[in-house]
Amino acid sequence: MSKMSYAEAISDSVAIEMRQDPNIAYVGEDPVGGAQQVFMGAWCEFPERFIVAPITETANAGCAIGASMCGMRMILDMMYADFIPVAMDEIYNQAANVCYTYNGKGNCPVVIRAMCGNGTSEGLQHSHSLENLFAHIPGLKVVMPTFPDDAKGLMTSSLRDNGPVIFLTHRKLGYNEGEVPDNEYLVPLGKAKVVREGKDVTLVSWSYPVMTCLQAAENLVKQGINAEVIDLRTIVPWDKECIKESVRKTGRLVVVSEENHTGSFAGEIAATLAEEIFNALKGPIKRVTSIDAPVPIGKLEDLYLITPEKIEKAVMSLF
Amino acid sequence: MTMNKEKRVTLYRSMLMIRRFEEKVRECFLAGEIPGFIHPYLGEEAVAAGVCSSLEKEDKVLSHHRGTGHAIALGVDPDKLMAELFGKRDGTNGGRVGQMHVTDKEHGLVASNGIVGGALPLSVGAAFFCKYQNNGKVAIAFCGDGGAARGTSHEAMQFASVFKLPLILVIENNLIAGATPFGAINNVKDLADRAGGYGIPGVVVDGNDVEAVYEVVGEAAKHARNGEGPSIIECKTWRMDGHFIGDPGWGKEEGENEEWKKRDPISSFTARLIAAGDVTQEELDTIDAEVTKIVEDAADFARQSPYPTEEALTAHVYAG
Amino acid sequence: MSKMSYAEAISDSVAIEMRQDPNIAYVGEDPVGGAQQVFMGAWCEFPERFIVAPITETANAGCAIGASMCGMRMILDMMYADFIPVAMDEIYNQAANVCYTYNGKGNCPVVIRAMCGNGTSEGLQHSHSLENLFAHIPGLKVVMPTFPDDAKGLMTSSLRDNGPVIFLTHRKLGYNEGEVPDNEYLVPLGKAKVVREGKDVTLVSWSYPVMTCLQAAENLVKQGINAEVIDLRTIVPWDKECIKESVRKTGRLVVVSEENHTGSFAGEIAATLAEEIFNALKGPIKRVTSIDAPVPIGKLEDLYLITPEKIEKAVMSLF
Amino acid sequence: MTMNKEKRVTLYRSMLMIRRFEEKVRECFLAGEIPGFIHPYLGEEAVAAGVCSSLEKEDKVLSHHRGTGHAIALGVDPDKLMAELFGKRDGTNGGRVGQMHVTDKEHGLVASNGIVGGALPLSVGAAFFCKYQNNGKVAIAFCGDGGAARGTSHEAMQFASVFKLPLILVIENNLIAGATPFGAINNVKDLADRAGGYGIPGVVVDGNDVEAVYEVVGEAAKHARNGEGPSIIECKTWRMDGHFIGDPGWGKEEGENEEWKKRDPISSFTARLIAAGDVTQEELDTIDAEVTKIVEDAADFARQSPYPTEEALTAHVYAG
């Protein structure tokens, strides 16, 4: 175990994998000095495997996807999640369909990394959480780690996956530190994690809002409510069983995500539970999400953010 | 450089196979045996045959929505190809994707595409692969005149020129896109002129002259294999059939098909071969009979292949 | 009233609006002979207002969006819904944000039309239903008519809306005929319609699957089940009240859509109802959607389609 | 063609206003008064001033992520502009969107963009609007050297060239994109060379020479207003500050800033004006004092403006 940041943990995974596999390479635009850089260590160790591309997102994506179709394992850095729509055809119509089209006779191992999330006043084209745009597309896996150790373990699993994986890192998590296993470390895709045990209500979240949920859970103790908090970690495939098991115990579910409300993946979870374990529910399934509006800058953004209070309010409404 | 007889006959055979295959596809489609949406390659045979015959094993090819000719010219098994068009289990891709999406990595066909211009970014990756492996191989991206308008063609060339990737963009300029004639959506005569904007070679060639195509692609491939980077080759040609089977010829002027028929890539090459004494009419007839048999067999194979079953609905959606 | 097809009804609306407003124009690639052409009559009447563009989806979208920002009302034809990702940035980052950015000092009246839906063996890049990719984006309205009269009335309302509207027409509806009001005709955005009254279960759907629901409802009569069928018509904004009212009566809800299952708008409806009228529910909320896989061709596609049987099975499971 | 004194002083004033405004922005940002992500225009003043001064009322301008200079040169109210950067209610856009997204239609600023290359498609629409209205107006799309790599630049020029739209693509080639020097991601010297691929004029101009910029844009605008279609103008310039405030100069070589400082667009123009006897140093000082006062006032205005309140979160998400 070593203490390292979320960003360092990701880089550590990539460096370890690159040492073992000469066919891993990266393509992306320069990160201008390292802001939110999650590949720094690996980059310094293997500079020749990091291709600094022009501002040609469709070609960059095509480079990564096409090379992965030919036999490499590629990392594509799209910088911001909001930029992924710039290469949406490459991801939606191309990458997502490769394995299906090859019908078992080929793969498309590409990890598509971007930063998501709001909270630093970068405005409406640099701040959104678009996981459901990808989760909705058959053929794409979607990974969104919260903690440094998971970030490392999930990156390793993503790199070893034989299909396209969207790997979203949250802007407010990059510098968070934690104990991270040394050497090769894997966390399987598709497994959620109970990060706080409780018996009265289940809070399901992923990425930065997990932190907010943990805070809310602490505050709720004063109200006599003991909340269980689940970090979904992987959005596709998602760990229904873990959530069901928790809700069978608590009977109450609040899904918390930074997505815009309508058409969110938070809705997918709620809908699935409302279908599959309806009888275990003691009351409505609540969602705490961002409103259906772009992310503003400045002080107004503070009012936009998901806060422990908003989560607590939703929880309290179930009692 | 003159070509030897054997090579010329190979080119001839390749073109004829495409022709006969496409004729059969048309027949089967009209008989209701092929579902969906079929884009015939008839009339453009010299491009596919010329380009693909100049390639080496392990070179990578990325095709578009009208790629049946490319597949044939690359040596994809006609049985499997036909079965794919029929939507049958023994198709190149299990019969789930159809004509616009045929791939066969063994024969270098990495991707086809229903998205016009969609293969161009992927071709950057194929070329990157060749360069990264340092294996002296090249990637070919086929693209229509219509598709060359897409931003992906620009980004692909920008990227490839910067990293000197071994990529050849073959623009099959059949002078029409859907039902829109070339002149209505272009302000230039030659698309190859764009090469100057990337500092790379750009060549215009008669796309109905299979030898000429073979030659220029050979040159561009040598350039690419030498690490000198990408090229653009524009092949002027003509699609004799409709945009899809069923299109009566929207967007074409009266007489255009007839005019181009005089420049049919196969009959003009036949005339050249015979004039040069490379082959006799008898030999040509034998080739035709062989090719026709192969194509007939392919259709029978496709007919006999079973349909995919329910499990196929969800197989390989995610990588194994 | 006149008998006309769904496609003709749309064209009729456009022609009527073009007659009144010289600042309506269209941009799109040629529809190659009219397959799924929904603007034919208007096109013949105002050929100079129909711009046949090169295969430059980002420029075509930009043309429509940019001109609408400057004061025109534009129609953008993207042909197939699956092609919209080719211009996804223009729609997600640009069009959707214009009204917000202008902050009341400008508009972006653009109707973005594309064909959606499966069933004619066009394969995995020409057959999907992507409504939730757009519904999830704040700033976009999403309209999906089923019947010719609604197609006309909703097109008129879309053309008069001051912001971007995604208008998806289903491939299997274009030739369907119905009685359509003559002259100017409006159906307001955001209003669903009960197309069959019933008391035992509520089927909510939109676009072609509404037809399948109606068929299923007929079949269910033999089982003694009287299904109410609601045609949502507009996906954003969506008519929660209409559905709630129905479910308060029936206590049972099945949402039917052609979308891939995970992350679908069908999930949004289920999640919202599970939150807002939980107590009115007699049992789980079911969803009947396409599976999480690309649309195949040929005979295999038949197994992929939503059928009355699949809907009936879901309904029966609630009794 | 020589320019009259008044015009020259206007150009000078415009450049100086940009300079002083950006200096103030920097100051306020470092003092924590401006949130987020600010891309300064320092060093490129001659481009904004030269281009925008050559325009007519009702011409349309589409800017990018580094557009503060364009806004100033177009005459956007400095108070409102500063308030927008502060995220205040009286900002050009209500203080919700910030520096990358400033618009002011009254002054022709139809859009700015946080997406590099994102304004280029929209500029096609603005030009289409001008042509459709047949009003003799033109649209200007600003784009960086980095942004010119995007496919949107190709599609915009393809579309505009076909329909002879009155569109001028101004490439502000400041020889760097983020932290990547021009040569590392381009295989050509001049991006204006791409114009040949669309059959349109392409011109390279010294982007630090405000008069030269003014002239070539004037020519291109005349061409466009005459219905002769789009042009590309590449302005070679240099960004003196970082990519964003806080960037210490990543991607630049030692000495580059110093070298370009010698070609500072304002001081070199000052020298020219004085040499020509167009103005005295005293007059210049007066202008500076005026401009400085305007900028100070703008900062005060921004400070005093209230923050948007909760209702602003959801206002105008959908059109009214």
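Letters A, B, C and D mark the chains in the order given here, with residues in each chain numbered from 1 onward.
We adopt the following convention: a residue touches a chain if its C-beta (ideal position, glycine included) is under 8 Å from a C-beta of that chain, and two chains touch if they have at least 3 such contacts.
Bear in mind that the values here come from a model prediction, so they are computed numbers and not experimental data.
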Tell me, which chains sit next to both chain B and chain D? A, C
What chain is the most remote from chain C, judged by the mean position of CA atoms in each chain? D
Starting from the mean Cα coordinates of chain A and chain C, work out the distance between those two points in Å. 30
Whole-Å separation of chain centres (CA-atom averages), chain C against chain D: 40
For chain A and chain D, what's the span in angstrom between their mean Cα positions? 37
In chain A, which residues are in touch with two or more of the other chains? 53-54, 56-58, 82-83, 86, 89, 93, 97, 100-101, 124-125, 138-139, 292-294
At least two other chains touched by the same residue of chain D: list those residues. 96-97, 101, 113-115, 118, 149-152, 155, 158, 162, 184-186, 317
Please categorise the chain-chain contact pattern as a line, ring, star, complete graph or other. complete
Would you mind writing out the residues of chain D in touch with chain C in their complex? 60, 62, 93-94, 96-97, 101, 103, 105, 110-111, 113-115, 118, 120-129, 132, 151-152, 155-156, 158-160, 162-163, 315-320
Which chain C residues qualify as touching chain A in the complex? 82-83, 85-86, 88-89, 91-93, 96-97, 100-101, 124-125, 132-133, 135-139, 236, 259-260, 262-276, 278-279, 281, 283-287, 292-294
Chain B contacts chain C in the complex at 35-37, 86-88, 95-98, 100-101, 113-118, 146-147, 149-151, 177-180, 184-186, 243-244, 247-248, 250-251, 307-308, 310, 312-314, 317
Which part of chain B faces chain D closely enough to touch in the complex? 149-155, 158, 161-162, 184-188, 191, 193-194, 196-200, 229
Name, in rising order, each residue of chain A that touches chain B in their complex. 23, 25, 27, 51, 53-54, 56-72, 74, 87, 89-90, 93-94, 97-109, 138-139, 141, 161-163, 237
